[in-house]
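Please read through the structure below; I'll follow up with questions.
Chain naming follows the written order as A, B, C, D, E, F, G and H, and within any one chain the residues start at number 1.
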Amino acid sequence: MAKPKKRYRLAVDIERCKACGLCVAYCPRAVLELSRDRINGKGYPFVEVAAPDACIGCQSCVWVCPDCVIEIFESPQEEGDRS
Amino acid sequence: MAKPKKRYRLAVDIERCKACGLCVAYCPRAVLELSRDRINGKGYPFVEVAAPDACIGCQSCVWVCPDCVIEIFESPQEEGDRS
Amino acid sequence: MSKRVLMNGNEAVAEGAIRGGCDCYFGYPITPQNELTAYMAMHMPRHGRVFVQAESEVAAINMVYGAAGAGVRAMTSSSSPGVSLKQEGLSYIAGAELPMVIVNVQRGGPGLGNIDPSQGDYFQAVKGGGHGDYRLIVLAPDSVQEMHDFTADAFDLADRYRNPVMILADGRLGQMMEPLILRTREPERVEKPWALTGARGREKNIIRSYFSVDGVLEKRNEALQTKYRRIADAETRVDPYLMDDAELMLVAYGTCARLAKAVARDCRAAGIRAGVLRPVSLWPYPTEALRSYLDRVKNILVVEMSAGQMVEDVRLAVEGAVPVHFHGRMGGGVPTTADIRAKADEITGRAR
Amino acid sequence: MSKRVLMNGNEAVAEGAIRGGCDCYFGYPITPQNELTAYMAMHMPRHGRVFVQAESEVAAINMVYGAAGAGVRAMTSSSSPGVSLKQEGLSYIAGAELPMVIVNVQRGGPGLGNIDPSQGDYFQAVKGGGHGDYRLIVLAPDSVQEMHDFTADAFDLADRYRNPVMILADGRLGQMMEPLILRTREPERVEKPWALTGARGREKNIIRSYFSVDGVLEKRNEALQTKYRRIADAETRVDPYLMDDAELMLVAYGTCARLAKAVARDCRAAGIRAGVLRPVSLWPYPTEALRSYLDRVKNILVVEMSAGQMVEDVRLAVEGAVPVHFHGRMGGGVPTTADIRAKADEITGRAR
Amino acid sequence: MTTTTEKPVFTRPQTLTDRPMAYCPGCGHGIVQTLMAGIIDELGIREKTVGVAPVGCAVETYNYFNIDMSEAAHGRVPAVATGIKRARPDLVVFGYQGDGDLASIGLAEIMHAANRGENYTTIFINNTVYGMTGGQMAPTTLAHQKTQTTPLGRDPETTGHPMRMSEIIATLDSPCLVARCAADTIPNIRKTRALLLKAFQYQLAGQGFSFIEILCTCPTHWHLSPKDSMDYIGRVLTPIFPCKTFRDRGAGHEG
Amino acid sequence: MTTTTEKPVFTRPQTLTDRPMAYCPGCGHGIVQTLMAGIIDELGIREKTVGVAPVGCAVETYNYFNIDMSEAAHGRVPAVATGIKRARPDLVVFGYQGDGDLASIGLAEIMHAANRGENYTTIFINNTVYGMTGGQMAPTTLAHQKTQTTPLGRDPETTGHPMRMSEIIATLDSPCLVARCAADTIPNIRKTRALLLKAFQYQLAGQGFSFIEILCTCPTHWHLSPKDSMDYIGRVLTPIFPCKTFRDRGAGHEG
Amino acid sequence: MKDERVILSGSGGQGLMFIGKLFAQMGMDVYPHVTFMPSYGAEVRGGTSHCRVILSEEAIASPVVEIADSLVVMNQPSLDRFLPALREGGRAIYNASMVQPPAGSVAATGVPATEWALEMGDARVANVIMLGAYLRKTELFPFETAEAAVAEFSAAKGPDAETMNRQALKRGWDAAGDGA
Amino acid sequence: MKDERVILSGSGGQGLMFIGKLFAQMGMDVYPHVTFMPSYGAEVRGGTSHCRVILSEEAIASPVVEIADSLVVMNQPSLDRFLPALREGGRAIYNASMVQPPAGSVAATGVPATEWALEMGDARVANVIMLGAYLRKTELFPFETAEAAVAEFSAAKGPDAETMNRQALKRGWDAAGDGA
């Protein structure tokens, strides 16, 4: 029986992000991108979740982020659950 | 041809001697002894050459003496040379 | 007479520390205070307390910093060159407001100097050998009994003000033996809510002296200065001897104070009304006490085992009101009563 | 105007040292003097001279001791905490009478403090942060030009008296850039027959401060004190500004002296006859120069970036003859001309 | 099996405060400190842990961790940690040090704390430069690496070769755990976490001194982007500073 | 062949002054310093050699050697030697240090001088105690050895195991010669001399830092007779401090 | 000559130190007293990096500008922080690409320096554009003097940088012409 | 009670510190002020190790005896060094086995302490013989007090040492009797 594909939600604390780009570089699924048009209070073009559905919850972004910007949650499996 | 036995003269700077006894202990020929009746200016029963003829010039006494008390000279081979 | 024991000054300090509740001792050998470290090595473990021979004086003072930060009573001791090495640490300790006790059994300087008694580290102790504006409370015993008592007191003082306290002694006080009544009073215990004990059920505590945000360090400094004024008001100690009618005031501390007292007795026998004002706390300095005698006193003679260090504090107090004379020996030399007496005679015009 | 270059104070010191004939530099990074070390790292090797980044300030000062003992011109620099670590070494250097130059670009203290400018290490510099009776010659520049010139001079002074010389600066003087005329005068060169160069054709030389035989260390100390008197006679430096008819004497050194001068000008514009006495040598202190104004001066205002350190030397000079007031900032704070002016007004009864 | 509510996969450790870290973008200090916070959470020791912060870029670590902390004079972290641990052996103590702090000015202190087998945990951040003061040579600086004080590159003939601290510490008998790891790739960061966890566990078991050296980026003074800095660790640093466990006495016996 | 005049077999080295050494009877310092004087004579470098004396029983070494010498603050011999050698590379420089001086307070300095490969020679007298100050524990004190500060014997659990300095120095890349020997038996004293000679030769050849550790007696604080102290080295010390050459880069190439 | 006290401020990478030093250097040839003070220590925070330059006929008491004649600001936090230090009637040159025009009685000149620099193909020359505008406004130096100084300062960075910086200077200078 | 200032001196191994401390300890029970000062620092040289004890009714200024009431000397350098410090009419107790009788107006008592100690089978008790003689001469304490103190001080060294020391004390005491 094939496991149902898990889905994840990423919570990005954008004010903390320094746009170092490490999460972007280490994400195996190109989920993340640095903003091209917005900056946070410190002037950084913080990270944005560009392809949320692609996330596999591998936490690579978390492991490399020096500023503990990203939190990850496993979404409930029911349909229609994603807002 | 048997080598003629060499003979040595030991010059002991008795004021330097601290009577540690190391030369006595390391001499392979029991040439040296600590004085039983005399002391030097510092109060040490300095080392005496008890058996001068037994010396083989091995310098063991020199190697171990911490105070560089002893000098060694090889005596000329002629008879009657020892005073 | 109560039961007395014969001890040398270094051991008396050590036993004073133990009775003063010292929990941790960190030291590094140096003459002429080795008996202190040796005593602690033997006795601290017997009391279930901590003795560590540190790898250096620098390490020792920073171990004290750690232990004091953790809220226990901690101490180190050394002699002049070793105390110089502790100056950075002392500045940190003063800046972080950590209570601790340090003992300097002074020896001849500068440099390696010798191991004879000296009072050449007065400036370092009272003005601040480390960087920045800070103060140690500095106590100067003049007997083995005081070596003992002041050390025990020092821990209470340190805790009361969250401030380092120095016992400023010298090789002679460290080496000589005298009868001694051992301390029985219990140490004062104060709460230390600021200490590092684990942030359980409270906000975290931080021990620090770094304040990089604009103006914060200045505020800290102002608070320190306020504390120092409070200490000066409450903890200035002085020992006047035959001062009631004295016209010649000898000012001396520690070893020199004992000599000065003998000279004062001697002077009086010869008709010179001499007395001794012995500063017991060198910081805070008994400036007011000293000034209180200036209306009667005609001359002041300061005696030190230095080129003239404490004499500056005397002159700061006197402000020219009375002539201040000085007799000093350096580099391990100790004044003799005869020389001090001769100087006294010279000053009072009785030179023989 | 001669050709000027724009440099910051730290670089000006470094280039001053090079032009003053510094052969060896030993340092350890610390803010706010890193540009000095960086400059030396770049330029000393270009001149075929020695740059070593030591493993610590303690190592650096002892490398200087070695190099100075070998008869070359040697130097180290640091900022407050680092200078505290050098105190043992400085006492050794003074005791062994080695010429060398040390620069302290002071920062806020005590402890780690911050990296803002300060004058909190005055006591340490002039009274002796190390153990024993010794003195550093202490020069206090107040501009980038003086940072440069004094450093070059310092090497000559050091050699002339076989004595350590300290340049006592602060973070602001280190960091600011000003136009500067680079030194072209050749260093004075003195013979050093005492130096360690190998005992060829002469008696061996020994660099030491340990004298264990009874009385010898005291003799050494007496000789040192004699030398210090000689230095005091010949090398006291002071910069009087608008002092001819001044009734209010501002006393300040370094960064504060510049502020004081502006305030003096400002006061005069407002009809207050103010002047500035700037001690340039902090040891020897210009006591006599200061006293020479006491007949006309009605008030003295000392301005420092400290809780009040140099003010003691002023009071020692004044001995109560004139009221001595104080305005100080601590922990990285720098007085403003407005605050100093307000204090001046208060003192002279012109409070607005 | 399906879940009905969101399940946290990774959330911010409780041991971290809300204060943003003042490190440069992509700095290795942040990676390691996030790991440490997670470990303190995992072991449930936040309320009995005391950290000692160095002088260096990590000087304000006490702002980031929600635990009791002490500052230490430059290089003296091991002495301060010794003082704390001897005073209160019930606390869990760690010392956090940079390479200037630990391998240069504080070399005697770290060696002796290690030799005494002080029962605390050392986290050694090797970024091959003095970060805080502007990128000067550290004892771990590579041969020919350019820094503020080696403007032409470090010359091993006059300034020495990079010091390999783990190897040096491992010559001592007392330490229970000595290892080098790197905060560069995901597997390496995971290994780093495992080592740090082990070090704290050994301390809890009274095993004595543990030493975890972590190769960390300093993008600012390496003059590389954060990502290039990460790559530099694997490409340039690890051949000279091999990641390996030099000592692992194993848990189990007390003292 | 017969000789007609007396031939000197051993005479007092010219490098020794007339001053009697102030060491206790049988002290190892005297044995080593006599060897050193002979070597300086042999190499003909008396007039260009500068020694650095430590704080310790050997503090007055400058009274015994007829060469230029410098005192150094406790532990700072390597820094002072560095200063001298950098200032005047043409001089032959040696640093003479005790175990308290070198392995305790001065550990950072010796490690860094070694790591920089300073071109001077270190003679390290390991007598497992602080001689001068009255026999306290040194970093090299053996487990369970009684000293003034370990009155019940050194407890390795709280004060550490004896530090093996040669092994530690040998972890560094720069030193050209690192060896331990002993001044106990005649063969060992001969070997010691050979090593010291080599060390000076390497310095003359510009080979860099050399480190000769010598196990030496301290009859006074070992509470043994001089002879028993000599035997103690072989019986008790060398099993823990093996005599061997840890590094010998060989002479030959400059720099 | 009028004395000039200017604060130049922006974020870390915007090159304020460069133009500050350049300005101080120009001043040095004309004024007896010049100081350049970089921000350091407690001042380095809140996303601004700044420096202060004083050109003066008289000895300068403090290199820290307490009241500024001019502000050159390249990001918003800089303007917010230093506007209070600008004297009544002082001038502010601001990077209009990133900063809102200041309110109040300020002679404000906005130049979209970042935008223009990007147009020119190198974001890094925004600072020199700002310098050009500032210099034009101060009327302290003729354009040629400024151009020579920029050239000298840029030389080390190669001929391309020099050309680019000259152009940037000109663009700023022109932009701040009458009526800007 | 008369004040007593004594210098006890000999070579390193002769145990002067032991008897000096013992004497100070005895004094402590009777005198309000007592000091014991060992030699250290620059004083330790020239083959003597010494200590000074002062028993006094008055506060003691300096534990370093400048003018001594008594000397107890066990080797020649000690006598040579300290004889000048002995006051006019002071007493010297000397180890006649190793020291020449002092010249001048000194109340000198020679005891061949080393010889006797060797006779008794332990060279180390020579110091206690000297102490016995000294104590008898000072007349400060009855023999019983001295005996008890010696016993207490020797206890740690075991019963044999104690017996030996008692005998040594007695021998010295007796030797210094009338006319000695």
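Criterion: a contact is a pair of C-beta atoms (placed from the backbone, for glycine too) under 8 Å apart; a residue touches a chain by one contact, two chains touch by 3 or more.
This one's a predicted model, so the numbers in the text were calculated from it and none came from an experiment.
Peer 1: Among the other chains, which touch chain D and chain F together?
Peer 2: Chains in contact with chain D as well as chain F: C, E.
Peer 1: Per the contact rule at the top, check every chain pair and give me the one with the most C-beta pairs in contact.
Peer 2: Pair with the most C-beta pairs in contact: C-D.
Peer 1: Return the distance between the CA-based centres of chain B and chain F, expressed in whole Å.
Peer 2: Whole-Å distance between the two chain centres: 27.
Peer 1: Roughly how many whole angstrom separate the Cα centroids of chain B and chain H?
Peer 2: Comparing mean C-alpha positions, chain H is 40 Å from chain B.
Peer 1: Suppose each chain is reduced to the average of its Cα coordinates; what separation in Å results between chain B and chain C?
Peer 2: Centre-to-centre distance between chain B and chain C: 56 Å.
Peer 1: Mind pulling the chain B residues that touch 2 or more other chains?
Peer 2: none
Peer 1: Mind pulling the chain G residues that touch 2 or more other chains?
Peer 2: 41-42 - these are the residues of chain G that touch more than one other chain.
Peer 1: Do you know which chain D residues sit against two or more other chains?
Peer 2: 31, 52, 55-56, 58, 81, 88, 92, 96, 111-112, 114-116, 208-210, 212, 215, 217, 332
Peer 1: So in the complex, the part of chain D that touches chain C is made up of which residues?
Peer 2: Going through chain D, the ones touching chain C are 58, 80-81, 83-85, 87-88, 91-96, 106, 108-116, 118, 120-121, 123-124, 127-134, 208-212, 215, 217-222, 224-225, 306-307, 309, 312, 315-316, 319-321, 329-333.
Peer 1: Going by the contact rule at the top, pick out the chain C residues touching chain F in the complex.
Peer 2: Residues 28-31, 34, 37-38, 41-42, 45, 52-53, 55-57, 81, 111-112 of chain C touch chain F in their complex.
Peer 1: Tell me, which parts of chain E touch chain F in their complex?
Peer 2: Contact set of chain E toward chain F: 104-108, 111-112, 115-117, 139, 156-161, 163-164, 167-168, 171-174, 255.
Peer 1: For chain E, which residues count as touching chain D in their complex?
Peer 2: The touching residues are 55, 59, 71, 73-75, 100, 104-105, 107, 130, 132-134, 136-137, 139, 148-152, 158-159.
Peer 1: List the residues on chain D that touch chain G in their complex, please.
Peer 2: Spelled out, the residues of chain D in touch with chain G are 1, 4, 6, 8, 31-32, 107, 114-117, 171-172, 175-179, 255, 258-259, 261-263, 265, 332, 334, 336-338.
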